[in-house]
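Okay, structure first, notes after.
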Amino acid sequence: MRTIKQPNDAYVYTLGPSHPPIAKVAPGETVQIETIDAFEGRLRTDDDLYSQKCPGPPRANPQTGPIYIEGAVPGDSLLVSILDIEPAEPFAVTALIPEFGGLTGTTQTATLDAPLPEQTRILPIEEGEIRLSETIRLPLDPFVGTIGTAPDLESISSLVPGYWGGNMDCVETRPNSTLWLPVCNEGALFFVGDAHARQGDGEITGVAAEMSARVTVTFSLLKERRIRWPRIETSDYLMTVGSARPLEDAARIAWKELIGWLVDDHGFDSLEAYHLLGLAGEMRLGNMVDPSYSMVAKIAKRWISANRPTGDP
Amino acid sequence: MRTIKQPNDAYVYTLGPSHPPIAKVAPGETVQIETIDAFEGRLRTDDDLYSQKCPGPPRANPQTGPIYIEGAVPGDSLLVSILDIEPAEPFAVTALIPEFGGLTGTTQTATLDAPLPEQTRILPIEEGEIRLSETIRLPLDPFVGTIGTAPDLESISSLVPGYWGGNMDCVETRPNSTLWLPVCNEGALFFVGDAHARQGDGEITGVAAEMSARVTVTFSLLKERRIRWPRIETSDYLMTVGSARPLEDAARIAWKELIGWLVDDHGFDSLEAYHLLGLAGEMRLGNMVDPSYSMVAKIAKRWISANRPTGDP
Amino acid sequence: MRTIKQPNDAYVYTLGPSHPPIAKVAPGETVQIETIDAFEGRLRTDDDLYSQKCPGPPRANPQTGPIYIEGAVPGDSLLVSILDIEPAEPFAVTALIPEFGGLTGTTQTATLDAPLPEQTRILPIEEGEIRLSETIRLPLDPFVGTIGTAPDLESISSLVPGYWGGNMDCVETRPNSTLWLPVCNEGALFFVGDAHARQGDGEITGVAAEMSARVTVTFSLLKERRIRWPRIETSDYLMTVGSARPLEDAARIAWKELIGWLVDDHGFDSLEAYHLLGLAGEMRLGNMVDPSYSMVAKIAKRWISANRPTGDP
Amino acid sequence: MRTIKQPNDAYVYTLGPSHPPIAKVAPGETVQIETIDAFEGRLRTDDDLYSQKCPGPPRANPQTGPIYIEGAVPGDSLLVSILDIEPAEPFAVTALIPEFGGLTGTTQTATLDAPLPEQTRILPIEEGEIRLSETIRLPLDPFVGTIGTAPDLESISSLVPGYWGGNMDCVETRPNSTLWLPVCNEGALFFVGDAHARQGDGEITGVAAEMSARVTVTFSLLKERRIRWPRIETSDYLMTVGSARPLEDAARIAWKELIGWLVDDHGFDSLEAYHLLGLAGEMRLGNMVDPSYSMVAKIAKRWISANRPTGDP
């Protein structure tokens, strides 16, 4: 299995069509991608404060990529089956950073209040657990916070989630899931980074347990299969991810896309799908801290199999 | 066990301090409360449309109550342990009603778009399942949509959720959970209604599987224990419910209250609790359709037991 | 001209149908109503802090009323022509109060940030000017912050704006304007208070220049003329007031109601009115600090007179 | 006076650092810039529908630029004094376009409702007036909807407003105003387009009276004067522009920046400035239809001159 790493540690901070690809892969290929943590390895002790060690947005949230997928053209969907996410180091980092987070004034929800104190916390990873404090250990439960394709025409900060994926920060982009991303450029131009050892719903402090990682994925293509927003499929669930502010609009986008999926592929008409989700839909709060918020709409496959006129693509 | 029903079917449409109590109970008492469905029994066939059969807000969402709990005074918390919720009839009702719902223009998110077609659907309940269609049956999974105490001074439509509980429409108010509600008036003045046979996260059509029910609860009091927003406790979880628009404010309220609970009772300081929830918090979307939206913040007890300096109250 | 004052200084803190009327007036009658400032006269020096002197919500924002208008029945509109607003004392009061305001964490936009320092400022009123500081004097420009009718069934805190008027805090409810309010109860049940010596758009600190006042109004009725949200008419403008969160929903409500007015009374079809407002509509930010925010949509009469098939009602 | 036009009509659709400059100007230079309308001249009759004639986002809202300003380096502010905006053709265009606008479901406020009918309307411009219909003529009142500098690192759709300016769609960027923009790249890299013959507050249909234009501006630089968000200065007002969703966050950003300006340059402390804006601030709703909404906070210079310890820069 091939390993892909960012040449010269020249990580990128935008997802866009003009970065030269760092590697080419063929559909069906499984690769192990090396990612660096969201702080680019600069926070290594509790004394390393973000405002002192890191340049700040937009030179934040370093990504590995772009990876060029052969044969991918606009109008296709890129499928990324996430097989494994492994910490590359025996620790994760979390922090409180100025003007960022769910329960504090920010650059967007601007207030005159004094900010929370800045803080860095190194969290040792031992035996499949993350040590938060003397008394609290939480299971390692990794996923990738930022994963996407180059948008159409634009080159957007890796901190932002949107229709191209990006910084969705939703735990569902984890091993044993397949992420569908729209292809907007030839080669798809795939980026990944911001691996999390663990995160709560909403990523409410603004920062998860950030870690460098080895991310093993298999790429494949659904040719001429256009999607408007990212999708995630597991053995048990169909999911869609919407990103926007306010949070209810992120939810609306996700629900509407999920209804569309049920209509297009599972024989529903749109009001039937609306009722099904109204009674059996599930929603995961991805993040409520990034420049757009992300919500994941989910439907368990067992509720739709009876209705399916044809097989899944 | 005593049964409490609304005398003369004179259900109430506001939660407030001026309705005469329909019953008095003592703390520790278990009662079975009869509630009617959110349409007051008026929608019984698919031809019964809401706009024709029901008077509409604010004479909507009929509640049983108020029930006077002896010894309850402002500053106490009322604990409502929900033991059982049983359908009173062999069917539930769902509907699409004008200017209401998550994926349509509404009285608040006002648009010029033509509304969705109005619709009523009677859903038979058979053998622990709700029949949504020929091919789709969903498990019965009851909870109460509206449950609360009279607010302080105000008398508010039963359609609205807030600090007093009310129409939170979150599935967590279900059997095997204990709901904490603030006591703002002597006797607490408890109301309940709007039982749901089942509901998805968000209640996205605006209407769940509405049913008349028998709700078995035990009341108790935490004397001189003031809370600002409702809480829910189960064997495994501590939860708080925030209600507001936009949805991120409902989330903020819930998270902040949960941090407060961890600080007050579980030996955390507030930034430690912020980090714990940032890594291990969970969030349930209650509703994104009511005049205020509701979100439930949750922390699994297993993550906090190591940190607890004293026992639970 | 009759003077109406609150008997026994028993001001009310909710707008609702169950307060006994303090006076009856006939349509066409002009009365002078005495109102007390939003702090009920308790803040009289800079040392009088809100958290110490005032009980806080919901016993806040004292109103004079209700006034019963003879012949008013549900389905009518109550017209309140505001003739004059005069300070009752030679000063106004402004303040920074905890957890309230546009640029600070609040009970709804909940944060962990330390609050702004509490502050009271007495502002002398001299010769038609308000003295904000040694060097800054601003013209007296009075309006009423809270003005409305009893809602249907509910009894709602005077701090809240809504379809019944209430705490809209928009400067347009001033002398030489006529406010239209929906009649939801027999007698209309009119309330007024919270007079402001002056206020900026948005009331961004949370508090305007609050003053006790004498408010001179003439009441009249539009029989069988139902409106959904408040309206304001001046010699030059038609205006509607929407209240909601987030702020864009308050705007949508106001725009949609204004389109409805142009359609119902001025011969427009709805898309024509949409285009007219898109090119010539004006919007005033009322408040962005109250439990719901308020926005005023406005159209200058000179842009619609050519289109008017009949006269104004 | 030099005329600058886009070579080969190769308008650009993103504001970003990688487009080659089309011209270089020196600070102090006055130039006339030719811009094309937001539909790139493709809608010329009422039968030309947007969905048929235009490729849609992100190849929308064509901009003239970038213009390189000699001596501009990151950390400077670029001042753009707008002298004149003249229609280049005797008509403007407005339209209703699918999934766009303030009072309809959109790609962000996603609904299942049927969209409004698509529509194009050519509006003749005659004798300083725009003819909206047989009976309604509105004065020509031009401004530029999109005006900005290249952001730092990112290349963002011209449809989006933000800290770099962009598609703010606020009427204040008009003749006799000076716009301040942050310089994030060497040469500033200035873009302009989307001239409007006229627009109402909010641009509520989604589209103003769009026109091709000749925009006359003078560029100058404030060296080493960093600003976070755009500012506008006229003879009578200081203004700041915030862009975000929800709308209250756009307002918060604008108010906070204006407070910062009053503190930095006009001798205020921050709570004094907060009180001044609370009593005398004004707010203009720019747009409530673009991917971020824009609000303009304003303070009349006459209220601050007494407080000013030094002169204006």
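Note that the chains take the letters A, B, C and D in the order they are written out, and that residue 1 is the start of every chain.
Going forward, contacts are C-beta pairs under 8 Å (C-beta built on N, C-alpha and C of every residue); 3 or more make two chains touch, one makes a residue touch a chain.
The shown structure was predicted, so the numbers you read here are calculated from the model rather than taken from an experiment.
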| item | value |
| --- | --- |
| Recurring contact interface, reference C-D, options A-D, B-C or A-B [over half identical by residue number] | A-B |
| Longest centre-to-centre distance from chain B, chain (CA-based) | D |
| Interchain centroid distance [CA atoms averaged], chain A/chain D, Å | 33 |
| Length of the line joining the C-alpha centres of chain B and chain D, rounded to whole Å | 46 |
| Chain C residues counted as touching two or more neighbouring chains | 103, 109-112, 116, 245-246, 252, 255-256, 259, 271, 274 |
| Interfacial residue positions of chain D with respect to chain A in the complex | 13-14, 16, 18, 58-59, 107-112, 151-157, 242, 244-246, 249, 252-253, 255-256, 259, 270-271, 274 |
| Residues of chain A touching chain C in the complex | 103-105, 109-116, 246 |
| Chain C residues touching chain D - in the complex, by the definition given at the top | 94, 96, 102-103, 116-117, 119, 121, 130, 132-133, 135-136, 138, 198-209, 245-248, 251-252, 255-256, 259, 271-272, 274-283, 285, 288, 293, 295, 303-304, 306-307 |
